[in-house]
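Sharing a structure with you now.
Chain nomenclature is as follows: A, B and C, assigned in order of appearance, with residue numbering initiated at 1 for each chain independently.
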Amino acid sequence: MRRLIRYGVIVAAGLLAAACSSSSPGGGTGGGGGASGANSVLTISNENGALWTCGFNPFNGSDTLVSVGFVYEPLVYVNPLQNGATTPMLASSWTWGPGNKSLVFNIRQGVKFTDGTPLTAADVAYTFNMLKKYPAMDLTGVWSVLSSVTQTGTYQVTMQFSTAAVPWFYYIADQTPIVPEHIWSAISNPVAYPDSHPVGTGPYEVNPCTAANITYTANPHFWQPGEPHVHTLKYPAFTSNNTANDELANGQAQWGAQYIPGIQAFYTSKSTAFHYWFPPVLNVSLVPNLTNPLLSNVKVRQAMAYAINRPQVSSIGESGYEPAANQAGIVTPTYTSWLDTSQLAQDGNYAYNPAKAKQLLAEAGYHMGSNGIMVNSAGKQLSFTVINIGDYSDWLASMQVIVQNLKAVGIQVSPENLTNTDYDADLFPGNFQLAYVEQETIGPGPYYELNDWLNSADTAPIGKTAATNYERYSNAATEALLNQYASTTSTATQHSIVDQLEQVMLTQVPFIPVTEGVDWYQYDTAAFSGWPTPGDPYAQPPVWAYPDNEQVLLHLKPR
Amino acid sequence: MAIPLSLGQPAGEPRRLPASRALARMGRAVRSNHKATVGTVLLALFILVALFPGVIAHDNPSLDAYKPHLGLSTAHLLGTTAYGQDMFAQLVWGTRNVMIIAFTVGLATTGIAVLVGVAGAYLGGLWDSSLGVLTDVLLVIPLFPLLIVIAAYAHGGGTLLLIVVITVTSWSYTARQLRSQALTLRSRDFLQAARVRGERRLYIIVMEVIPTMTSLIVASFLTNALYAILFASSLQFIGLGDPDTVSWGTMLYWAQNNAALQTGQPLWAIAPGACIAALGAAFALLNYAFDEIGNPALRPVRRSKRVRSA
Amino acid sequence: MRYALRRLGFFVLTLWVALTLNFLLPRLMPGNPALAMMGKFHGELTPQSLNALEILFGVDTHASLGSQYISYLHQVVTGNFGTSLDYYPASVSSVIGSAIWWTFGLVGVSTVLAFILGTGLGIVAAWRRGGRLDSVLPPVFVIASAMPYFWVGMVLVLVFGISLHWLPYVGGYNVTGDTPAFTLHFIGDVLSHSILPALSLLITTIGTWILTMRNTMITTLAEDYVRMARAKGLPGWRIMIDYAARNAILPNLTGFAMSLGFVVSGAILIEYVFNYPGVGFMLLQAVQGEDYPLMQALFLLITVAVLVAILIADIATALLDPRTRAAS
């Protein structure tokens, strides 16, 4: 017995000693923001849910976020937060040909890959033609609008379009990283090529990569002299949200892309240098299946749009992180310059108005049933199911508010909280009555999201997979507007078309935007300056947004 | 969630008594044993709250009706959640869901255990061996991971799924205990007498054996109810229940998702957990008290007062 | 010997039942839950990997149930559990390896501590029947054993982690600050991160040890040979340990075997609360990410670990206690 006690005491003493000697929970050795330029270390906090595979193939969907912007660059940087303001990168200038059927890029001279080989137009042409040869690598589908890409000079590339596609400039110039021909032409199967030691033109090199952490060091041959100012980046692999959030809260990581509940209490209260900004980029919408006989009645949809208390969903469901959306479908303040406020005002701004909702339902032939649900003369009740992603607790909470709002006007909605895969399996083929949806791709203007929703090319019959137009909307007049937009470079025409698209949203209510989805972004100004802020939105701030992340990295300076 | 406290059968064989006398004896024992009294009072309190939640809490537990993050006040006894729901109302209304699970699973599981255990002991032979092996195998397979896997394949489910899944997997421990006791009873005189009288086997089992095992059956019910609560709230906590139901486990789920501890809302996580602990303690105390009642050797020793001899 | 063989036979039987359960469950659920998951994988896996997953879940195969079963058993025995969805394209077996050690350390250390402390306290409580320890301990630990594991963890997080800032409460080690290496610094980091989770596990499991040891000690102390030892005039300590405890501890071992299932449940929940990177946490993440291959393999791993532990405990009991050998 005494021996046992003795051993127990020794073990306890050892534990205590270890606890005292190791890093305290608050501070930490290494990983913190470094001091001078040569020693500056920036640590990133972005929970990816898995360990790193150490593959950097920029055309592999799972690897893009760690390779593009760090190692690889596009031709032009287009800023979605500043209405598509452009910054020439690997292309120094460009011109549209007659009728916007062709596009000529002049490639920047004096750029070298990390192995010393100079960049020429041959690399650009090779990259695009490789995407044509291997459609699995064409992540944005540029070859659906391109007909040819040819090198027309040592530093000049000409692209021919098969159809009017001016908005596709974003995907071609901004979203396509340029890879070196002399390396990729030797790869027999570039689709599966891991690219563990990537050679690119970007500001950083991978040095080294382990399953738990990627370290990037500054590229000494980078074509912008003096850049980048931050010498080392650390990108740990976080498998759980809590750990990633914790690293931000104790200052060990400085650049976050995390959803943090109760962010003031959890994060910003810990230090005056901790800040966050959530720029809105896409709508999170209640989407009706327009083939449903009850939902095909526009008055029912309008009633729903008036019945939902968007500010309440925003403050309760999203803790105020995601602002209320508007029925015109324009994300504000990001695209405020596109919003036609007078049109919106004509419909009372579609502001929360349960009385108006009930009135619209009455006009549609519904009256309140004895069970509190609206019913029409044929005996059909306004009772629907809505599919939602069970993993997103903020969407669950938002849906609870929406359900309560709709119940108050007699529309019963029962949520089906599904796993991600089940949700997709129901959403894509149109196996739903209502759905809570946020689109996936951002663009430098409201056209991109509206096009995803309203273009009949992106829909499919019930039972087949729709690309982005899940509600099965199809209207010839709207189609003509979208095509017209695609063929013009005149901003005046573009604005006029978007105004008409807003009118479509207000009168036809193809879907109901509820809140505005945001980019999660946290930053620590103690050791680094030059962060994107609401006053200076020079790029989309999250680390996974490419190639915006490169712009952030080029702006950052150690203090 | 440690192992149940009545390991093996109580020392000293149970005396044969008519059911009514046995119950009266139990009542007296409960009153005199402190642990049993505390346990009974706690349990009764929870049952009352589950039956009449509206009397105590006037707010709708799921409506996002108030300002979020409110602290304690007379209007909101425990404050509000991050979604503006009254936490006290959620706690009170959640009691109903928990009690339903506890009693349904407790009864169903004990029923299955009685069936399997007693039948095995009495049918003997191949029946006993196969039922015994089935029981032992289920006993050894780790239950919680199995529950997780089943609930995961079912993509999480409501209360009914939880009840079914937990019942189907947790009867083996008490079945084993009941079987051991039934086996000891087989050779007892009063049962020999019944057999000699010519009573049918089913009559013997239902009218003679089971009433004698009343205290162990009650103890089994308490054990099973306790584990039902712990398993069900654990499954709800990790997100495999239906997050829209009002229950203590789902309160914990939402609290965890909102980092309640780290954002200065500790009550949201601590209060439902404390309720689970309290209800669990009620069942455990009653169980422990039954152990003591059945095995006098375990009863607390009363210190004898030294009497000064004159 | 016969006893050991019988227990081994039981072990194999239970393992077979677990494997069969694993095989049947996805196929029994209405609408195979793995269907949607497989849809995600299509086009990304080699035909062999795809085939391996189809065998595991019974998707898209036209083979009969029987032949599926044979292929499944064959695959499992060769250690092929398919490709992980969460950790794509890593294979499930490679992913599990990293997590095992964390759980092993956590559960192993807390169980040993619980055993030592709990048994010790139980012995002392029984020895001093009617004393203060004896009247306080049982009700306290009855209540402690009914507390949900995760709640104890949360309370510890709140008190020692958040309010007092004494100990870390997230993860197994400091991910940004440290790289895994055999340095004193790293080991210290790991130890400090393990204190709160181990303490939670300890608090909730120690109650059983104390109470069962106390109960069996009380029964043992009433035996004749103990009375004989007292009559012989042996010192109290000696009787307590050499005579009574040695015999009382054996039923405890079988109890340990049975309680292992609950210790495992506790470990899963505590790893979840502390984000401790062990097998339990990985299981819950696999569930959330619908990574069914990983989930299946982890379930089997946990079952096998529990079975092996029980087998060892059974054999140890047989070796130490001649009564068990004679009884069988």
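As a working rule, contacts are C-beta pairs under 8 Å (C-beta built on N, C-alpha and C of every residue); 3 or more make two chains touch, one makes a residue touch a chain.
Quick caveat: nothing in here was measured; it's all calculated off a predicted structure.
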item: Chain closest to the assembly centre - both centres taken as Cα means; value: C
item: Best-connected chain pair, where connection means C-beta pairs in contact; value: B-C
item: Chain centre separation in whole Å, for chain C relative to chain A (CA means); value: 41
item: Separation of chain B from chain C, taking each centre as the mean of its C-alpha atoms, in whole Å; value: 22
item: Where chain A and chain B are represented by their mean Cα positions, the distance between them in whole Å; value: 48
item: Sites on chain B at which at least two other chains make contact; value: 155, 239, 262
item: Touching two or more other chains - residue numbers and ranges from chain A; value: 242, 419, 422
item: Residues of chain C engaged with two or more neighbouring chains; value: 288, 290
item: Footprint of chain C on chain B - complex, ascending; value: 1-3, 5, 7-8, 11, 35, 133, 136-137, 139-146, 148-150, 152-155, 173, 226, 230, 233-234, 237-240, 252, 261-262, 266, 269-270, 273-274, 276-277, 280-281, 283-285, 288, 297-298, 300-303
item: For the chain C and chain A complex, residues of the former touching the latter; value: 35-37, 39-40, 43, 86-90, 113, 116-117, 120, 161, 165-171, 174-180, 184-185, 187-189, 191-192, 195, 237, 241, 275, 277, 281, 285, 288-290
item: Footprint of chain A on chain B - complex, ascending; value: 62-64, 68, 82-84, 155-156, 239, 242-244, 254, 257-259, 262-265
item: Interface residues, chain A side, partner chain B - complex; value: 242, 245, 249, 260-262, 265-266, 312, 315-317, 319, 390, 393, 396-397, 400-401, 404, 415, 417-419, 422
item: Chain A - residues contacting chain C, complex; value: 1, 4, 8, 11, 15, 18-19, 21-26, 28-31, 43, 45, 49-51, 53, 62, 136, 210, 212-213, 234, 236, 238-240, 242-243, 246-247, 252-253, 391, 419-422, 424-425
